[in-house]
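Both complexes below contain chain A, partnered by chain B and then by chain C.
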Partner chain A sequence: MSAERITRREMLKRLIVAPVGAAALATLPVREASAAALQPHYEPYFVAVLWEGRTRCDSLWRSLKGDVVAILPTVQGATPYDRLYWTGYALGSAPVNVAMRVWARAVDHNGVSLGSGWRLIGQATIQTPPLRWFRVEIPEGHWDEYRIEVRSATTRLVYSRVIASQGYWKE
Partner chain B sequence: MPVRFLRNASELADVSWETPLPVQVANAKPVPADTLLVATTTVTTDANRDLLGSTSTELPTLDGCMQYRKLVWFYFRAGADSTTYRVLARATDHNGAPLGTGWQEIVPATTLPGGANSWGRIEIPASSDGYYDQYRIEVQRTAGSNYNLTSKIVGVR
Partner chain C sequence: MRTVIATLYVGTLQVEATPKDVLNQAEPLSPTFVNAASFRAFYWTGVKSGSAPVAYMLRGGNANGWQWSQSGQIVGNAHGWFRVVIKPPARYDWYRVEVLGTPQTLRSKIIGAMEVAE
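After this line comes the complex of A and B, so read on.
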């Protein structure tokens, strides 16, 4: 990689002297990912971080936020997203054996839940060697609120990041 | 000859994997979701009662849905009484008038899943794409007592 500082006038002169042909442009090494790095306002709604933080798992069913209040959501405002991804990392020396379950519900225009309780949309046990990453995909999208709960017989810390993605189509 | 581009106000850089051309994702669009309906329906034994409570079979429950590939129907049912639902759809002309009378039944009478105080989620259509202009969603109790069904319908492009 090389770079040099020039004036706009010098740049224009070079472009005029050495125009880039269409055939050459077709093979330039561009990456779609570079759009995110180079645009100050890259479309943020493709993927959003809904929550990140640390959870102390114990024998109680706790939201990733740490509470045991079943009516509280872990994430809100998830209507636009068709998929959620929970990426985590569990501390501790023993193998990870964390039970998890995911609840969801819809709200009305005022943000009030349509009814009481939640719909259970999935449950599983995360089993990995210690100090490993894990990832949970939540494919049932467009619910307004989700509550992600964890429980572990052995107390341990779990670092988490929950992101959500909107679907998109290519024209 | 290396190809260079103006990296910022005064810096030229060679195009490489480390400094790729600033490109924009122009061929992809996000798929926002819109809330189309929030309603509470008393589920009765009336035939042809839709989520808005209407039994006028020519009235749509949802209109202007052409842009939506799919509708997602979330509901909370207060009762466990046996209930069926039916989904009808049709297209309209440029003036918003249906192309003809009646409807295409895209979901025949089907048992509404869930017990008392339970949540449900139904995708319309279940497998293919929608893009119909109008939908009519009917619910009918087939046994037991009346109960409230609270629904929210989200359109997904």
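After this line comes the complex of A and C, so read on.
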């Protein structure tokens, strides 16, 4: 596998020139009470970067932060946000084949989870040509904490960013 | 414009066959929340201890009585997470969040979302 160091400026340039691959979250529970998340007319008016960095993906399910400790969140304080978006790309000249899954949970006033474990929001496999950007939308917002995990049979370095948005719902 | 989130409730309720709200009030006219007209949506998340479904009834109204209601079921495995999105058709001063079902524990949280100008 070949690795390279790039600056954030270079990363931005690649974002502009590279075509974007998209992965749809499978196993996303669809129920009437969550119908708001599926409405097509949504206009974000505020976006925050919740996490940005490099993740070494290997055969273990790892948080984007690199840990394999399932109780640790990847992002916290996500309560105000309607949606989360995960964008990034993997270094190397081989096609990308990275599995990912998204968990969420709610916490009390002290930051203690209301229950054990997590709620599985969805999972997907990101398959793109080399150095192509991917984008995953996580539509189930307003959970307090999320854990985004990745896994790859071939070790890969993934540069990525998690952003969250608040927006208008045109209902 | 920015969305402001307020935590309105965090608690544990023993669900029973008789309906009561998350504050353990059985009186059907008692609101769970008052002064809630500024919220456009509510997000109710939590964990239920049993595998049996829990029925819920949501009501919105004011001092003149309940004017809107919506019911549903929280389903899932024992110790599984649930999420209910509540988007009432209008803004109401009072809301009541009522549950009933097979005895089990409901550990949950309700947040309200409102938009405020920056």
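Operating definition for what follows: the second predicted complex is superposed on the first by the 122 of 171 C-alpha atoms of A that agree within 3 Å, B and C clash if a C-alpha of one lies under 4 Å from a C-alpha of the other, contacts with A are read in each partner's own complex, and residues count from 1 in each chain.
Heads up, the rule we're going with is that a residue touches a chain if its C-beta (ideal position, glycine included) is under 8 Å from a C-beta of that chain, and two chains touch if they have at least 3 such contacts.
Because the structure is a prediction, the values reported are computed rather than measured.
When the two complexes are superposed, the chain touching more residues of chain A, out of chain B and chain C, is B. By the touch criterion stated above, A:166 is placed in contact with chain B and with chain C alike. When both complexes are overlaid on chain A, the residue A:146 reaches neither chain B nor chain C.
Contact with neither chain B nor chain C is seen for A:51 once the two complexes are overlaid on the shared chain.
In the superposition on chain A, A:86 makes contact with neither chain B nor chain C. Taken together, the two structures place residues 32, 34-35, 45-46, 79-80, 82, 104-109, 114-119, 140, 142-143, 166, 171 of chain A in contact with chain B in one case and with chain C in the other. Across the interface of their complex, chain A is touched by residues 1-5, 7, 10, 41, 43, 45-47, 72, 79-81, 83-85, 87, 107-109, 111, 113 of chain C.
Here chain A touches chain C in the complex through residues 32-37, 45-46, 79-82, 104-109, 114-119, 140, 142-143, 166, 171, going by the rule given at the top.
The part of chain A that touches chain B in the complex is made up of residues 1-8, 11, 14, 18, 20, 24, 28-32, 34-35, 38-39, 43, 45-46, 79-80, 82, 104-109, 113-119, 140, 142-143, 166-171. Those residues of chain B whose C-beta lies close enough to touch chain A in the complex are 1, 3-4, 6-7, 10-25, 27-33, 35, 38, 72, 74-78, 117-121, 150-152, 154, 156.
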